[in-house]
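Chains: A, B and C, in written order; residue numbering restarts at 1 for each.
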Amino acid sequence: MDWQALALSVKLSFVTLLFLLPIGILLGRWLAYRQFWGKSLLQTLLALPLVLPPTVLGYYLLVAFSPNQGLGLWLVNTFGTTLIFNFQGLVFASIIFNLPFAIHPMQRAFAAIPREIREAAACCGMRPSLVLWKIELPLAWSGIISAMVICFAHTLGEFGIVLMVGGNIPAETQTIAIAIYDRVQSFDDHAAAIMSFSLLLFSMLTISFTYWLSARSERTHD
Amino acid sequence: MKVSLLTKQLARSCFLLMLLSPILRAAEIPVIAAASNIKFALEEISTAFHQETGKTLHISYSSSGNLTRQIQQGGPFELFLSANAQYVVQLYQQHKTLDRGQVFALGRLALLTHIGSGLILDEQLNGLKQAQQSGQLQRIAIANPEHAPFGIAAREILQKQQLWDTILPHLILAENAAQATQFASSGAAQVGLVSYSLALAPTLKNRVRYLLIPDALHQPLQQTAVLLNNAGDTAKLFFHYLLQEKSRGILSRHGYTLP
Amino acid sequence: MTDSGIHITLQQAAPIPLSVQLDCKSGELLALVGPSGSGKTTVLRAIAGLYQAQNATILCQNEIWQNSVQNIFLAPHQRHVGLVFQNYALFPHMTVLENIQQAISQLPKQQRQTQALELLKKVHLEGLERRYPKNLSGGQQQRVAVARSLARQPKVLLLDEPFSAVDQVTRRKLYRELLVLRESLSMPMILVTHDLDESTLLADRIALLHKGEILQTGTPEFVAAHPKSATIARLMDQQNLFTALVIAHDQAKQKTHLRWRGILIEATYQEQFAINERVCWMIQSANILLHRRGRPSNGNKENPLQGQITEYMESSGLAHLRVQVDKKLDTTISINVPLHVAKRNTLGLHEKIGISLLSEGIHLMPYQVLRNES
């Protein structure tokens, strides 16, 4: 078991969650509550990572952040580094790739809150931020948790993008999925087997937990 | 609007994270890009280096072509060990390297097959020809010639033996030398034309049969090491270490010919 | 002079047409009545600040809640408004007590609790503090909603069809409770309903809303008896609506003569309609007298008519009759009589009876095409 790779994967998942939690809540909420021109286009864009091959996204990231021109060059000149071949780059790619997994469940959870309940809260004198905190989040929490769990698991298993923009650098971009690939190529079937089985178990636990959670929230909402 | 404000804050924190990361990576461990065929030899050399100097290295393995591309795109590598000299020359001409590099070993190829297969391995590849003609041959693995020098050499050999065209429909192109070896050793491909060094891997003992191919059949595979522009002291130290007696001994044991 | 009432004007062409002017005094209960789709809920939401009408002024207890000209618009949480939603909108993840406390969160904990418990008592729900909304009956949920809206100490109390989701028995109970409760309330109250009986029972005044426009305001009885137009009469569910021609005005006798389908009838003096002008007229059931059977007929009866009962229904102590007036084959008049009267006169289907239309009950309105008349 490559503990360094596992630690890196876990770290990547958590950091991704840290960003996706507020993004998911705000975007999911906004899409749940508002109608506006261009909404379907936005929703299409946000759903793209669901069907897009990771290599396509990887390709565009490589092109965009290549330090020889454009955005990548500007980043290098301004900050001394760019968003490929390092951990930050993986975080960035991971956030984009997990957007639909974060937004969709949260959007559904917020949309399920009857509008009248939010309005009643406003009529109770609660300003919008308080309505979010005391009414909406408690009522949407199971959707939010589901989203976070799925994103965590999904990030843990990311391969294609990490391979393309990561560079397989130990302790920096060699996640556990890459490590498994690496072990296989080193003919180390034993290590590959242990790591694969662990991830399999973890994925099963994740899915079961998510199902349990959504069943539970259905009961409380009756 | 609330969303755009938060997005701005997020973008800011993202860049801050990027700024901090060089500082966070306190003890800078240099990253070395190495062609995958050299994996086992290099691990041993790296361990010896650590024992002698106390310094650590991170090594990223892939095909030489792939690594070249990554270096062109600003990959954080300080030292590049390529499976041929051409990729190094390319990088030198693009001003990515300190100099033209140094050949530190010559690579060899081998025919490799799973221990249970009945395939006849011989230097002229006649056994292979037979298997193909009789319809027994299903899949043969080589590294992808597009970006792996060992693949280029494999193609050369097959072309020289007039086997390339007939073998083509049976060909599996692996991503790099290591994957080609893995395909052949696991039996996914019946036979592989792979790096000799990998065929010698201790983990493959008793699982495979192999045969060294004469180097007359292909252009020399000049394993070239070159320091890249951002090479630090440790990387430079290792570069020189690679060329010393102890390393050469390790390379020889792993099937490389020494220049 | 302090004004503790609410004054509302809403003008808008699209997306929802509105033409509303309403005033409600503190302590007064105004019912906003109209069919579905008439815009009643929109008006209520506009008052609460949940909907922003384009040209509006809303002034409540001297506070400007909205003024389109001055570009002022207070958000709902900035207005002290109590709104009881049609489906109560209780917070499902909070207990009854917590629901009510949300409206008084600015108070210290002890005080919050005491006040909330007092309000619960006021709506007769003591003992239910720790229940969750899903474990309450419809009537109980409604009372919690009312308590929560009152907790805010609102400057206006708004009720959006609050009784529509409960059964009739519970509804009657809730009516009585509301009538008692309002005695202790000193704010304007606006109730939205499509149920005319409800508005008659509960409201001091009604405002009739039709396609976003207030057609008439006044006490329920007055609007029912003196609708300004046939449309309003229809909306007030007046059954006896006909057209006629003004023949003459008799100022001395305070009568206006009409020709209705060949018969001459007398209404009270309504000089605003010209001679030879076509008009619509209506008469409420209360102004139609039944001739007692077996009694010799008096010559003096106003507007006597003979007819035959074509429909006869009994419900809640009344007999509902439709009488086909002789010689006018396609005209029927609806009257309701107490059941004992119907029994005493042995009324039933196909029975022939005589009725009188009291002239003071014949109310004239400008002419418009009526569906039931050719």
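Things worth noting here:
FYI, a contact is a pair of C-beta atoms (placed from the backbone, for glycine too) under 8 Å apart; a residue touches a chain by one contact, two chains touch by 3 or more.
Because the structure is predicted, anything quoted here is derived from the model rather than measured.
Interface comparison, A-B against A-C: more C-beta pairs in contact at A-B. Closest to the protein's overall CA centre, chain by chain, comes A.
With each centre defined as the average position of its C-alpha atoms, the distance from chain B to chain C rounds to 87 Å.
Remark: chain A and chain B have CA centroids separated by 33 Å (rounded to whole angstrom). Between the CA-based centres of chain A and chain C the separation comes to 55 Å, rounded to the whole angstrom.
Listed for chain A are no residues, as none touches two or more other chains.
In chain C, there is no position where the chain touches two or more neighbouring chains simultaneously. The touching residues of chain C, when paired with chain A in their complex, are 48-50, 75-77, 80-83, 85, 87, 89-93, 102-103, 105-106, 134, 148-149, 151-152. Touching chain A in their complex are the following residues of chain B: 2-3, 6-7, 10, 14-15, 17-19, 21-22, 29, 31, 36, 39, 58-62, 70, 72-76, 176, 178-179, 181-182, 185, 201, 203-204.
Residues 19, 22-23, 26-27, 30, 62, 66-68, 72, 75-76, 79-88, 91-92, 167-172, 174, 182, 184-188 of chain A are the ones touching chain B in the complex.
If you check the complex, the residues on chain A that touch chain C are 114, 116-117, 119-128, 134-135, 138-139, 220-222.
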